[in-house]
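In the two complexes that follow, chain A is the common piece, with chain B as its partner first and chain C second.
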Partner chain A sequence: MWNLLQIELFKIFKKPRTYLAFAVIAAFIFLIQLGLYVNGKDWMMFMLGSLDETMVVDYNKLVNGYAVCFFVLNLLLVHVPILVALVAGDVVSGEASMGTLRLLAAKPVSRTSIILSKYFATAVYVFALLIWIAVISLLVSLAVFGKNDLIVAKTSGLQLIESSDVLWRYFCAFAFAFIAMMVVAAISLLLSTLSDNSIGPIVATVGIIIVCTLVSEMEIPIYQKYIRPYLFTTYMLGWKGFFYIGSTADGETIKGSIEYLPGIIKSLVALLVYIVALVSSSVFIFRKKDILS
Partner chain B sequence: MKKVLLINLFIQLCLFSQAQDVNLLVQRVKEKINRVNDYTADAKMKTNVSFLKVPVASVKLYFKKPDQLKIVNEKGISFIPKGAVNMNMNNIFSSGKYTVLDAGSDKLGKTVVKVVKLLPEDNNEDVVLSTLYIDEVNEVILKTKTTTRDNGTYELEMQYGNNISYSLPAKIIFIFNTKDYKMPKGVTFDFEDGSKKKTADEKLKNKTGKIELNINNYRINKGITADVFK
Partner chain C sequence: MPAIIKVNNLSKKFKKINAVDGLSFTVQEGDVYGFLGQNGAGKSTTIRMLLTLVKPTAGDISIFGKNLFTHRGEILKDIGAIIEKPDLYKYLTAFENLALFAKISGIKAEKSFLMDHLKMVELDERAHDKVHTFSQGMKQRLGIAVALVHNPKLIILDEPTNGLDPQGIADMRTLILKLSRQMGKTILVSSHLLSEIELVANKMLIIHKGRKMIEGKVAELLDPSKSVVYIETLNDEKARQVIIESSWQRYLQPGAKGILLKMDKEQIPVLISYLSQLDIGILAVKPTHSLEDYFISLTTPNNYVESSAN
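And then the complex of A and B:
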């Protein structure tokens, strides 16, 4: 299994498109950081809506490394699935289109091992991608914008998390995002086992994500009640739950607390169930598959 | 007829002396407050506003006569209500021209207080009416209610400690009106975690905000540079 994983990693990291994702992310984050460096105060004033009608706050302090990283993650984690699909959608179908899948299947290793090693190799890629995001969005932002308390905007209001209480939330959020991205990787893998060319699974994964995200966010009662609870995209935003801090009845935040941990756990369990179901289906299909190409 | 005139004269005299008493009381309170030219102090600030969740902040207070007050959180970020400058007692008397009205006596806790209303003579003043609850024994203001033209109504409650001789409170509770807070549409993308959401009734209930300052470590009349207030 270890050898298979090494081979799969070699295949993934040999392809130029793998590095394309890293470059795209770096460029995207750099543009955000540059924009916020120049117009951070204006952006923060817009984000906080009508707050300045009631309160006086130092907006320059609010634009700090933690806030910039939070903004980056809000924008980026919606789009990272596309970059994950770019690699994960190719792992089986890419080999099928090149004709190497037959050779691989002819080796004295089980098909289950083959498909699992491909999934684990994708996991390494996703992990590297998230580490890359963490380094650029968090460490670079902290270096450029400095450290201060983090403001989090919710529809119901604003919450301020002390700077000493933020870092662990980012670790948890990135860990959660990893699980969420692995669901996307599992969908791509499943579609990849069904296809003989790479484009199909990649486009189909992106399409599924877009449709599911839209349905998740549409505030139409029938969708909210009967469809939303079953969509994986509903649970992918769970990383944000780590930034919803608990508070007393007087609105005083409780350091180290999470407003509603069961909601995050529920999301995590839902995503893990998706992963198990999708990867099992991939294994099942791949084991039964007639490899003709 | 003579009796009626005498009674009338007596009432007039009583009212006049009462007004004189209240004016004197306000004057004495004002003089006590005026003994402070500037101060800095440390404070713990607790914020209770319906749309905010914030930690208790360690802040520094800077005051310079006549009406400069600044609250600074040097280590972190704090939300300071607009009109926080009204936490400064000098601000109540800053215009200098006002009519003092005796509104009788009341009780704040166990303390009997004199209720005094101040009506600014200048019609363009932001403050429309101030009601002061004065502890006559210690000659300090324990509570104020201020109605302004542009910034709603403020309420201040003070508790005094070691610096009562300077009319500097150890604890201030500042109650103010909050406006409806609105987030721009589509900027949050909330995670629906299944927790209980506030109902419309609960949101409406809390239209006032409260700031609680526990103040210590006053440094009085040591001089403060004007740069602090820039």
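And then the complex of A and C:
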């Protein structure tokens, strides 16, 4: 298994396509950072509206590394699944279309270990992608914009998280995002085992994400009651929960707390169930599959 | 010689199509076993079943004396294969491809060992070039290196000359003979071209529509003192029955379409006379001499008669 995992990683990181995602992310984050560097204060004033009419606000301090990273994650984590699908959708079907799958499957390794090694290799790729996002969006933003308190908008209003209480929330958010992206990878893997060309699984994964996201977001009672609880997209944005800080009865925020931890745990469990179900299905299908490509 | 491959009553059905239908054959140690059939005859499906890529609908396969499905990993360690065209990772170099497959095969190969293998197939000078820059012949040679890197006892080559130029075909033939004679490998090689099998194999099996037509030693099938005769009568069913019930039965070729017999040339008029005496009208008698004729007559008897008549 370890041998296979090394081989799969070697193949993934030898493909030029793999680095496309890293380049796209870097370019995207750089554009946001540049925009906020030039017009960050205006943007923050626009976001906070008439807040300065009720209190003294130093907008320059609010546009800091943590805020920039939060803004980047809100925009970017919706699109990262496409980049994950680009690699994960290709792991089996790409080999089938290239004709190497039959060579691989005729070797003295079990089909289960082939699929699992491909999934674990994809996990390493997703992990590297998120580390890359973290480095560029968090570390570079902190270096450029400095460190200060983070202001977060909730439906109930705004809340300020002290600078010293922010970093661990990012670690947790990235860890959660990793699990969420692994669901996307698992969907792509499953579709990849069903197809003999790479484009189909990639497009289908993106299509599924778009449709599920739309259904999750629609404020239609029948969808919200009967469909939304079963969609993985309902749980994918659970990382935001780490930035909703708990508060006392009189409205004082509690440092180091999370407003609704059970909600995050529930989301994590749902995503893990999805991963187990999807990967098990992939293994089952691949073990039964006649390799004719 | 011990049996290396033993296939018993193997079948594979894809929906309503019988790709392979009750196929049985045995490949013995040291054989270069030609597996012959037209395109779509079921050769590749059979080979894929031997490599566990396709699951049989029925039948047994044992390789090296062990059941393939219960000892899969153990058996596949000793098999090297090229399945149709040798598709490799195009974005990797020849060396990287070879190293990768050596590793999957459980070989801890030194650089020099891999380079020796590339030298064997005359690719050492292109070792660090990406495969997408290679010609079909070079890819085929690299495929051979990949198939041999773990020193397998059994080599399975599915249409190894497909897409090769005449020089490439000649090189492949030389390589097969070298692997068999100098390295003692057992080889199963499939082709739709009889001329290829004729030149390299010592035994052969002809398959048509998934069924075995004939199996035997190539030298015997090519024996110039024997003729293979295709006989067309007014009532083939009756003629076949008469032959089966007589001493001529031993000359009848099993599985063949129509009435196909292999016998001494001198016996042909005697058989014709025998059938005539039983009021079986003879429409055509065509002795065939080359293996090519034999192959065509086995797989397409009607076409054969028509072309003979013309």
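Note that in this section the second predicted complex is superposed on the first by the 289 of 293 C-alpha atoms of A that agree within 3 Å, B and C clash if a C-alpha of one lies under 4 Å from a C-alpha of the other, contacts with A are read in each partner's own complex, and residues count from 1 in each chain.
One rule holds in what follows: contacts are C-beta pairs under 8 Å (C-beta built on N, C-alpha and C of every residue); 3 or more make two chains touch, one makes a residue touch a chain.
This structure is a prediction, so every number in the text was calculated from the model and none was measured.
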Partner chain in contact with A:N3 - chain B first, chain C second, else both or neither: second
Which of chain B and chain C A:L278 touches, first, second, both or neither: neither
Which superposed partner A:L103 touches (first chain B, second chain C, both, neither): second
When both partners are placed on the shared chain, which of chain B and chain C touches more of chain A: B
Partner chain(s) touched by A:T155 [first = chain B, second = chain C, both, neither]: first
First, second, both or neither for A:K240, with chain B first and chain C second: first
Chain B versus chain C as contact partner of A:D250, first or second or both or neither: first
First (chain B), second (chain C), both or neither touched by A:I208: neither
Those residues of chain A which chain B touches in one complex and chain C touches in the other: none
Contact set on chain B toward chain A in their complex: 46-56, 76-82, 84, 178-184, 187-195, 197-198, 209
Chain C - residues contacting chain A, complex: 48, 51-55, 72-77, 79, 81, 83-85, 87-92, 96, 100-101, 103-106, 146
Sites on chain A touched by chain B in the complex: 46-47, 49-51, 53-58, 61-62, 74, 148-149, 151, 153-163, 217, 234, 237-241, 244-245, 247, 250-253, 255, 259-260, 262-264, 266-267
Footprint of chain C on chain A - complex, ascending: 3-4, 6-7, 10-11, 14-16, 98-100, 102-110, 288, 290-292
